[in-house]
Amino acid sequence: MATIVAEPTGIPVVEEHHEMSFIRKYIFSSDHKVIGIQFLFLSLFFLLVGGLLAMLMRWQLAWPGRPMPFGGLFPETMAPDGIMLPEFYISLVTMHGTFMVFFAIMLLLVGVYANYLIPLQIGAPDMAFPRLNMLSFWTAVPAGLIALASFAVEGGAAGAGWTSYAPLSGMPEYSGVSMGQQMWIVSLVLLGLSSILGSTNYITTVINMRAPGMLWTRMPLTVWALFITAILGLLAMPVLSGGLIMLLFDQTIGTHFFLPETGGQPLLWQHLFWFFGHPEVYILILPAMGFVSEILSAGSRKPVFGYKAMVGAIVAIAFLGFIVWGHHMFQSGMNPVLGTSFMVSTMVIAVPSAIKTFNWMGTMWRGNLHFHTPMLFAIGFVMLFVIGGLSGIFMASAPFDIFIHDTYFIVAHIHYVLFGGALFAIFAAIYYWFPKMFGRMMNDRWGKIHFALTFIFFNLAFFPMHTQGLAGMMRRLYDTSGYTHTADLQGTHLLITISAFALFATGVIFAINFFGSMFRGEKAPPNPWNATSLEWQTPSPPKHGNWEQAPVVYHGPHEYSHPDVTDKDWLAQNERPDVVSPAGH
Amino acid sequence: MLQKTRLLATVAAAGLVWACGGGGDAGGDGDAGDAGGETAAPVVDPATAGAISGLIAFEGEAPAAERIDMAEEPECDDAYPGDGALTQHALVSSDGMLGNVFVYVKEGLGAGFPTPSQPAVLDQENCRYHPHIVGLQVDQPLLIRNSDPILHNINTQPSINRGFNISQPQAGMETTRDFGMAEVMIPVKCDVHGWMSAFVGVVDHPYFAVSRGDGAFSLPNLPPGDYVVEAWHELFGTQTANVTVGEGATAEVSFTFNAGMARNAVVPLGDPLIIKHAEDGSLTAVREPADD
Amino acid sequence: MNWSLPENIATYGGKIDALFWVITIVTGIAFVLVEVGIIWFCVKYRRREGHRAYYTHGSKSLEVLWTAVPALALVALGVYSASVWAYIKGRDAAPSESLHIAVSAKQFEWNVTYAGADEVLGTSDDFSTRNQLHFPVNRPILVWLEAEDVLHSFFIPQLRVKQDAVPGMTIPVWFEATKTGDYQIGCAELCGLGHYRMRARVTIHEPAAYEAWVGEQIAARAASGEPTVVAASADLGNDVGDGTGQHAGHDHSAGGM
C-alpha cells in the first residue's frame, strides 16, 4: 500500500554555487526566493500607495470640497488651495483600483508566494526558468513606476475607473486625460507580460519539477491554488493585453474599435475586459484560499477537511470563472437573454465557494486550535470572505442587480472579497512564512493587536457601505451630497472615513513589526509552526538551491495528529515512510 | 501620433520661450492686455504709428433669441428674472450694427511682439461666460475664474493647440492656462451646462479687438504698412479686407455681415428618433427623417 | 444608517424588493450558520494541553450535503430571478400602451424629447427639455435611451430602474409609477469629471396635469417662434468684451483671489 512512486526527476539537488556579486545576488537575482522577496517589497510599496490614495478619497467624501491637510502639497491641477478637484478624485478612484488590484493584491498573492513557495513546497531547487522569473520581476517594476509617474503628466493620471470603460477611456476630449490614460495602458500591458512570463514558469515548474513522491494528490493546497491561478493568468491576461492595445490604438492612431461613430462598439471593451476581469477576480482569491486552507490546517492541527473536494472546488471555480463575465454587464445594454444565462452560471459558481467555506469549518471542527497571528488572520479571512461571497449573491440576481449595480453595495462587496478576503489571507501568509523568508519571527503580540484592530476597523469602514448602496448611493461620485436620496448619508461617510483612517493607521503597526522583526525578531527555527509541508523541513531561510538533502515525499500535505505518530502531532511529508497516510495510496 | 507631435512642438516652443528669457514679460508692464496694443512699443515708432478702425454692420433680420432652460440650475436661473435667460446668437444693435466680432490683423505683421504678462480673464458667472469672446496673445496667461457656487468645467477644443478639460467645483476658483500657438478661434464649452459657450482668439501680436455693441472696433498703434484684416463671427463666418495704413494715419475699414451667412443656429439633435412597430408587436428605434 | 431600500413607486418595484428580502433571508441563514459556527468552534476547540485533534480527512456524506443544499438554493434563486428579469428587462417587456419618451444622455446632461400631443416620436410637435423628465402616473413609460458621447447610466432609485446608456445604441427601458411627486435621475456610470453632478429632476404628474404641461410647453415654443427641438442649442452669447478679457461690465475685483 505504502509503496512510494519516486520518479527520478533528474534534477541535481546541490548545484555548484559560485560566490555572486551583490547585484547578481539581490538585484538581478534568478533565485526564486530572492525574487519572491523583491516582489514582496515592491507590492507592499504599492499597497501603501493604494492606501494613501484611498485616504485622500475618503477625506473628500467625508468633507466634500474642504481643503485637505497637507493639501498645499498638491499642484493646482489636482487640488488648488488643497481643495480636491473632481478630475483628481476620478484619477484617485482609478489609480487606487489599479494599484490595489494589479500591483498590490495580485503581486502579493502570485508574484510573492508563487515565486517563493512553489519550488519549496514541491521540493524543487528553483524554478524551471529562473531567468524568465527575473525578467518577470523586472518587467513589473517599470510597469508600476509608469503607472505612478502618470500622476505627474499633463492631464493627470487615468480617469476612467480601473475598468477603463470605453469610450471615456478612449477619447481624451471626453476625459481630459490623454497621456495619463496611455501610460495606464502601457503599464498594464507590461504587467500582463510579467504575469504571463510568471505563469508559464509556475505551470512548468509544478508539472515538471516536483520532488520524488510529490504526487498531484500530495501537493499542498497552496501549490494547487497557485498552479490553477497561473493557468487562469495565462489564459486571461493575453485577452486584457489585446484589449488594451486596441484601446491604445483608438487613442493614438484613430482606430475605432470601441467608438461607435465609425462602427466600433463600446460594449466590446466591456466583454474583453470582463472576459479577463472575472478570471482575474479568481486570480485574486484562489491563492488566498490556498494559504488559508494550509494555515487553518496547521493552526487546527488537523488535515484539511475534504482535500479532494477542495482541489475540485479550485478547478471548478477556475473553469466556471471563464463563463460568468457577463454578470458585470447585466445593465450594460447587452441582450437580456444573455443576462439570464450569465445569471445561471454565476449562481453555479457560488457552489464551490460554499464547499470551500464549509470545508474550512470542517477543518476547524474538533481541532486543537492554536491562535497564533497567522491563524487569526486565516479565521478572519473565512469570516469576512463569507460576507463578500454572500453579498455577491445579491448582485448575481440580475433583477436585484438593477438596483444595486454601480452603487456602494458593489464597493462594499469588492472590499469584503479583496480586503477582507485576499488581504487578510496575505497578512496571514506574511506572518506565517516570514520566519522562512527572513529567518526571524514576527512579533506575535503586536501581530495579534494588528489583527484585532484591522478586523474591527475593516468592518466599521466597509460594512456601512452596504447600507449606503441599499439607499441607492452611486459609485465614483466626487460629492454625494447633491442627490436627495443620498444627502442624509453624510454621517455614514464620516463614520467610514474615520474608520478608514484608523484602518490605515493599523498598517503602521504592521510596518513596524515587519521591518523591526526583520532585523531584531527572535531567530526562527526551521519549523516554527510544526508544519508538515516541505518548506519547513529545510533551514530558515533556505540556502540557494533550497535543500541540503533532496526531499522524497511519502505523505499528504496536511498530516496533523496522525494516530500512528505519537511523539508529536504532525507528520512531515518527507519523513517516516513506515507510516501510512491516506494520500499515500 | 498627432498628439505626440503636438507635445513635442509644445515642449520645443516652451523651451524656446524659456531660452529667450523673460524679455517679453519685462516689456508687458501691467496693462499690456489692452486691445490697443501699446505694448508693441519696442517695434513701433510712435511718431509714425497709424491705426485701423471701423464698424461691423449687419443686414437683414437677426436670428431670434431662445430661452435657455436653466430650471435645473436655480443658482443661475434666479439671476434671470422674467423671461429667463435668452440666447443671443447674434448681437445686433437697433441701427444694424453687429457686436462680438473678433477682428485681428491676419497678415502683414512681423514677429517678435512681446508677450503681455497681464492675464486675459474668462469669468463664469450665472452659468455664462464673460466675456463671450476673448482675445489674447500667444503664451499670454488666460485666467479662468468661477464666480458661481456650482461646478463648471472648462473644455477647450482647439485644432492646433493642446486643449484642456478642467473643472472648478467651487466659487472663487481660478486657474491660469495659456496657448502656445496662434489659433482663431478656440471654442470653449461647459459640459455641465450645455448652453455655455465662449471663443478664445489667440494671435501672435497685439492687434486684435472685439466689436462692441455698436459694432465699432479699433486697432491702434500699428506701424505703417499693408495688412490683411479678418473679422470673425461665430455664426456668420469670416471676412477679410486689405488695408493700407499710412504714417500717422487711421485707416477705415468696414465689414458687413448678413443673415444669409448664418450657419444653422440650432445644434441639431440629429434625425428624429422613429419607433417602428413590427407586426409581432416588437418595437425598434431608428433614426431617420420624419414623414411629415 | 439606512438598512433598507428607498421608497418604491414602481409597479414592478415590489418584485425587486421581494427578491431582496428572499436573498437577504437565504444569505442571512448562511451567514449566521457560518459565523456562529466559526466562533463556536473557536471557543470549543481552542487549544488545550494534552488534547489531540480528531484525525479525519473529511466526510463524504457531509460534503455531499453542503454541496447539494447551496446548489439547490442557488438554482432556485436563479430560476425565480430569471422570471422577474424577463418581466422587467425582457426585449419586448414594455406594455404596448406605453408612452414613448426619448432620453439622450451627454456629458453631463439628460436631454429628454417628448412625443408631443400626438404621442408619436419623430413628428414635428416633438419638443425637448434639459435635465427634466416629466411623465404621467399610472401609465407605462417606455424610454428610448441613447448616449451622445460616453457611457452613462439612467438611474431612478425609487422607480427601481437602471440602464446604461451606450453611444451607438438605442436601448428601450420601461417603468410605471404608482405615485406622483418629484424625484431625481442620477448617472450611475462614471462618465467624466462632472459625473457626480449629472442629475435631472423627475416630475410625475396626474394624467391631466401631464397633458396640461405638454400643452404649455408646445404653446411656449410656438409663441417664441423657435423650433421645438432646441435642447442642445448653444448660447451664443450676449456679453460684449473688449477683446482682452478685461471684462468691464461685471466687476469681480474680489481681492486676493
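In this document, chain identifiers A, B and C correspond to the written order of the chains, with residue numbering beginning at 1 in each.
Going forward, a residue touches a chain if its C-beta (ideal position, glycine included) is under 8 Å from a C-beta of that chain, and two chains touch if they have at least 3 such contacts.
The shown structure was predicted, so the numbers you read here are calculated from the model rather than taken from an experiment.
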Subject >> Reference chain B; chain at largest CA-centroid distance >> reply: A
**OP:** Could you compare the number of C-beta pairs in contact for A-B with that for A-C and name the larger?
**Re:** A-C
Original post:
If you average the CA atoms of chain B and of chain C, how many Å lie between those two points?
Top reply: 39
Subject >> Interchain centroid distance [CA atoms averaged], chain A/chain B, Å >> reply: 52
Subject >> Separation of chain A from chain C, taking each centre as the mean of its C-alpha atoms, in whole Å >> reply: 32
**OP:** Hunt down the residues of chain C that sit against at least two other chains at once, touch-wise.
**Re:** 91, 107, 192-194, 196-197
Original post:
What positions in chain B touch 2 or more of the other chains?
Top reply: 151, 165-167, 174
Original post:
By residue number and range, which residues of chain A touch two or more other chains?
Top reply: 85-87, 174-176, 478-479
Original post:
Considering the complex alone, what residue numbers of chain C touch chain A?
Top reply: 1-6, 15-16, 19-20, 23, 26-27, 30-31, 34-35, 37-38, 41-42, 45-48, 51-59, 62-63, 66-67, 70-71, 74-75, 77-78, 81-82, 84-86, 88-91, 107, 149-151, 153, 155, 157-158, 160-169, 171, 183-184, 186-197, 199
**OP:** Sort out for me which residues of chain C touch chain B in the complex.
**Re:** 91-92, 94, 96, 100, 102, 104, 106-109, 111, 113, 120-124, 126, 128-132, 142, 144, 146, 170, 172, 192-194, 196-198, 200-201, 220, 224-227, 229-247, 249-250, 252, 254, 257
Original post:
For the complex, which residues does chain A have touching chain C?
Top reply: 85-87, 90, 93, 159-161, 165, 167-168, 171, 174-176, 259-261, 264-267, 300-309, 331-333, 335-337, 339-340, 343-344, 347-348, 350-351, 354-355, 357-359, 361-362, 364-371, 379, 382-383, 386-387, 390-391, 393-394, 396-400, 402-403, 405-407, 464, 467-468, 470-472, 474-480, 482-485, 489, 491-492, 495, 560-563, 569, 582
Original post:
How about chain A: which of its residues touch chain B in the complex?
Top reply: 65, 76-77, 80, 83, 85-87, 154-155, 172-176, 178-179, 252-253, 478-479
Original post:
chain A touches which residues of chain B in the complex?
Top reply: 1, 3-4, 7, 151, 155, 157, 162-170, 173-175
